[in-house]
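Multiple structures follow.
Two complexes follow with chain A in common, the first pairing it with chain B and the second with chain C.
Moving on to the complex of A and B:
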């Protein structure tokens, strides 16, 4: 890269590096794959340069420099691995261990702890401290946060997060010197905050842990699957952390255009439903005399037979928790059966919950991930802000009724009884699904691949972190097989095929490819407004 | 006058009113020529004042010894932001007690110096930040300030000159680290008293985010004399590189401890033997800490050749710091002294920087263990290694200051450490 007035060129560990003006040495070193150890620095927060762990050697400087606040300059020669740099960092690491309890065997952070990592990476083999350790003990900070004072490395990330990001200063450092300890101001601590779960993520050690996750799993036993938070229309990028085919916790995944490094406490806590035990596990088909469990082939065959003979317009109820591919599959089913209406219901909160320090991020009013996707597929919102009601004309409809994903909890057993064909594709049954001619088990978003479209029209992918129960399949797969059998065209074999078909038929998604979306997503071609959103 | 002790070898410029309570009154101060330098400063103009101070060679009396006139000239000349002058009266370096005396005997001398300093750096507001424990001192200062306001020496249109300068006296809450200039700024702003990373430097971004200069009490107290008499006049005392007079705070095992104003370059042994009346009880000298607790210790041999100016003390192996001379006789337990000092730093560390927060406390524990006879020779190497790791690795120099006496005492008084360690070994073996 040629030098321009907006870049500087320097040498880091023998490599020529050109970076934008104002880049810190720590960030510049990342461009050659060197991650200089650090605690207090977090790219989303101010840099107090106090942990002193990121010291590097800069030729000509009188002292080792903190790379987190030293800006790159033309011609600078920087050594992150020189004897001086390594020895000063080794010194800092030894200081951390003077009072650290080394209780890794019972610490939730173990395995993803920056103190473990750095000490193994560049610390001394043996500590030299023989002195009794300082003891702070444990404190309940309120919310989901538990504080183990003895493990704290005093980086103040938690304090700065609350002050700079949530902008509700609930934490502070009390006392000074090595009596310094993080504390809350009043009895309520973090109670009533909306984003404080993030301090557990950014705490580099096990000083702040989640009460919900406490002693639930070891970090190294967890699988991480990139996903999208389903709890509102913001579409925060997250990871599903799973073990034994259960979601154990949700963690935010960096995406600067959506959620930065953060997610809200509501979304973080709302995952137990993904582990729901009472699931439809096999296709249930109503025959002359009984409801019978069948294999997919038989069930799709039966549905084909019924579709030949049914009459009347189609009314479909879809869920804003369904993927774009699933919604598109229902859309084309409705069209194939002669056309009709498509509605969805969605809970809506009274107000947004913004994160003041990262203005593009808020918990949105729409409490589902894909209301926008449903609108694009032509569904309109019905019902009230609790996500119930609005189905009177569907409940007694005498044509075809198709329900995707909405468990109809507010409806009674008369729902769909007059329908000429009632097909329910869902995760679990309810009294209102009792009249269904077909109850087809489908997977939830955590069990399948697909895309959601967030409030601003960003289409984002998610991946399966769980195995679906029994014979459950993604709706696009089931309906795709049905359509293929009717038309003779090939069925989509993957979510990518389903997405490609959608992109080809839906102008708002034209030109998007599944691969291009990658893990970051892309914004729709045209803006589609969600009424009342 | 017999302010606790005086010596005929003193040159009492700043301290001439020590022991004389009448000088606290504004009319006495004016009668003796006070506030005439302020008038002269207004005639010279801000840049003229800076030039005079530069010519005098006055160096900051807070410890670092940076030339005051040069420091003032770092202030931006054409910014439209407010400027602030901060007077550092948070005197808390162990062994130091000169600023307290300057304020309580001669508050108007300081007020006049603050006014001239503020004028020179184009500040319309100056803050005098007093150490939290200085209740009486601050009362004296506040009373004098009130009088100066009443008589039109401070505030709007000072003495009809058209110059506006306000002064606020601020009492700290009692933390050593608030004497560090950026820690003081944080504290003044109501933040946690902890030093800031530099850059940015105070002349660019200081108190309340505005260009600021911070000067020690003694520095500012010298200003009226320099402005009144000129730079050359001030250079009649001291050395070429360390001109002028300086207050020496002598404590420890001498017959007459106290504040003495002497020309810089004064021989250390003359200070002890002559000015301070010699060692107490005729004991032999063991060691001197010449500049307050944060500078290296000198042993008796090093003291012999030490002259008390910025360069002379460095040559002897230490630093002049704020010229707080702590004298220790042959019976002094060096390990205990060092432990006590490091314990002070551990208590006062603001706790931001890991090497300082953990290092000072760890050092204290090791030194205490050695003192208790449970040390090992390996501990000495650990202490020396820690000294290296704590020097030049932190935001401010408190960490370096804690390490300095440990390192220098191990190098110069290793026998005392070993004696404690070996006694411990014998006890353990018995």
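Moving on to the complex of A and C:
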């Protein structure tokens, strides 16, 4: 309240609002659900107050104030929707449309464009400008970025992002007045930058668009699913944008404790594998004479029969792309079959790629989302920094061999030939998986619900954005059904069940539930480090 | 309750003549033979005069050089209530956005004409045409080539003689 020194109370549109000292009027208005139109202001960047679109009326002030830089003060009375504020903002919007081409039908931003939104919200319904518009054409900025100068509203978010966040000033404003335009220096462009894809996200209009996404889908056709970027152990919060059961692009999702509003170009571009068509679609079981496709019930029954008669220790190869629930299911299977070892392989980059303006964010060295989770489940890392090799003792093992998710592309057909039982739970077949007694199709992270544990031990949930192919099921579901049939306990019915069982058995995750994790994640109780990281 | 039955008396055959009724019928027939006022339309020799707002088979307008006018904005598949338009956009060698695939399933189409109404570049139209019978089902999926080569007149969005629909 007003009597405590660190907050101020003011009135916005008739609502009494109490906010921390130093809060801008624009942020204060957000707390009552009032989104004041703005272009140049972005919560992650400095506010130059140059777009003049966030004007609001403050009682006692001689003229409308830009709400993005006006700090809230005690007793202020602010009107964001008064006639004065609306007429000023309408005037500003009309000036934006003097030069903005109305090429919405061919603009990729159409449907998620702030100029469209604001003009619909409070702009004039007809333009009055009769003068010809300025024409710049389009420019290839390098990297994944294409620049349509005509559409630019000169908010300079992109210039400030490159200067303040990436801290590599590749963009600037050239010329003056209505000829001013964003440009790169010489022929250098954005080539070689690591975070420049973010300027496409923060561009409020269609001036900066992604080459990869160009003309691919309309914004309103895409479904958005909250997920976690699987390209490194940072665990950036992302949205899968999907259409026709295919991932069309990845966009960052705000999480101030992990990635802010940003994600790296490496992660952004690395999504085609989720749409991979050559998938295992039905459980394949080796019988005396042939490999036969079976239904799940039959296949799990056959696996039960085989598990009764096999002997020898268990060696499991798991993937750091598997969720915590899947890894825990493999661990409990290893324990149930008499115990053994678990290993995983993970590609590792030469160096971290930090984002200088947001120090907790970097493209980490570990190029998989859940190496930390695999460590917690007791797996140890083998192989080299390309994520290959290291499986010599598993390949010739004469006991039970279980492989989860690792497609074994570097192994030859002799892998697992001498095993008493070789079960492969994966998405794709390869020469090495041909010897498997059981090839069971499982879903990838984009097709199932689950959690990843990132480099700092933050457990974060992801949600399914795609339908899995054929009969593919999550590994925790398959192995849970197998364990339930063996022990008579109830099988996990949902990923939340599987996670609850994991939290009950693993001290590092004790007390966590899906509800507590929410969309933001929570940090592990104890630290587990990835060796060599 | 007992059912009461009324017994009808038929006229005797020898005393009944149908000639009078037959003659009056024939008189009407011969009267129509010489009557110039015909109501039957002699289709297909004589074609129907379709209303200017008749909504029938689609066609796509083209530029002078033969390129379709469509810019693949995606509004027609979005607005289509029957979900009968399939569109894949792309970019041609001049940097123009254009439809790589544009298909209309005339079987699914309900001829509401909303695709024509929503089109920002007046490319797709429904037409004043209804004779679209085919021998095979797959011929009812009209691709871009077929749509651009249709020759029938396009539908008008309003009747020029009554623009306000009064």
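Points worth noting:
Here is the rule we go by: the second predicted complex is superposed on the first by the 530 of 533 C-alpha atoms of A that agree within 3 Å, B and C clash if a C-alpha of one lies under 4 Å from a C-alpha of the other, contacts with A are read in each partner's own complex, and residues count from 1 in each chain.
In this section, a contact is a pair of C-beta atoms (placed from the backbone, for glycine too) under 8 Å apart; a residue touches a chain by one contact, two chains touch by 3 or more.
Computed from a predicted model, the values in this text were never measured in an experiment.
Overlaying the two complexes via chain A leaves chain B and chain C side by side, clear of any clash.
In the superposition on chain A, A:138 makes contact with chain C only, not with chain B. In the superposition on chain A, A:120 contacts neither chain B nor chain C. The superposition of the two structures on chain A yields an angle of 90 degrees at the Cα centre of chain A, opening toward chain B and chain C, reported in steps of 10. After overlaying the two complexes on the shared chain, residue contacts for A:110 are found with chain C alone; chain B is out of touch.
Of the two partner chains placed around the shared chain by superposition, chain C is the only one that A:220 touches, whereas chain B remains out of contact. Taking chain A as the reference chain, the count of touched residues is higher for B when chain B and chain C are set side by side. Aligning both complexes on chain A leaves chain B and chain C separated at their closest CA atoms by 26 Å.
According to the touch criterion, chain A has no shared surface contacted by chain B in one complex and chain C in the other. Interface residues of chain B facing chain A in the complex, by the touch rule stated above, are 175, 177, 192, 194, 197, 346-355, 357-362, 365-366, 369, 378, 382, 385-386, 388-390, 392-395. Across the complex, chain A meets chain B through its residues 48-53, 55, 62-64, 66, 69, 87-88, 91-92, 94-96, 98-99, 128-132, 134, 153-154, 172-173, 175-180.
Interface of chain C with chain A (complex): residues 71-75, 78, 89-91, 95-97, 120-121.
Interface residues of chain A, counted against chain C in their complex, comprise 104-106, 110, 138, 214-216, 218, 220-221.
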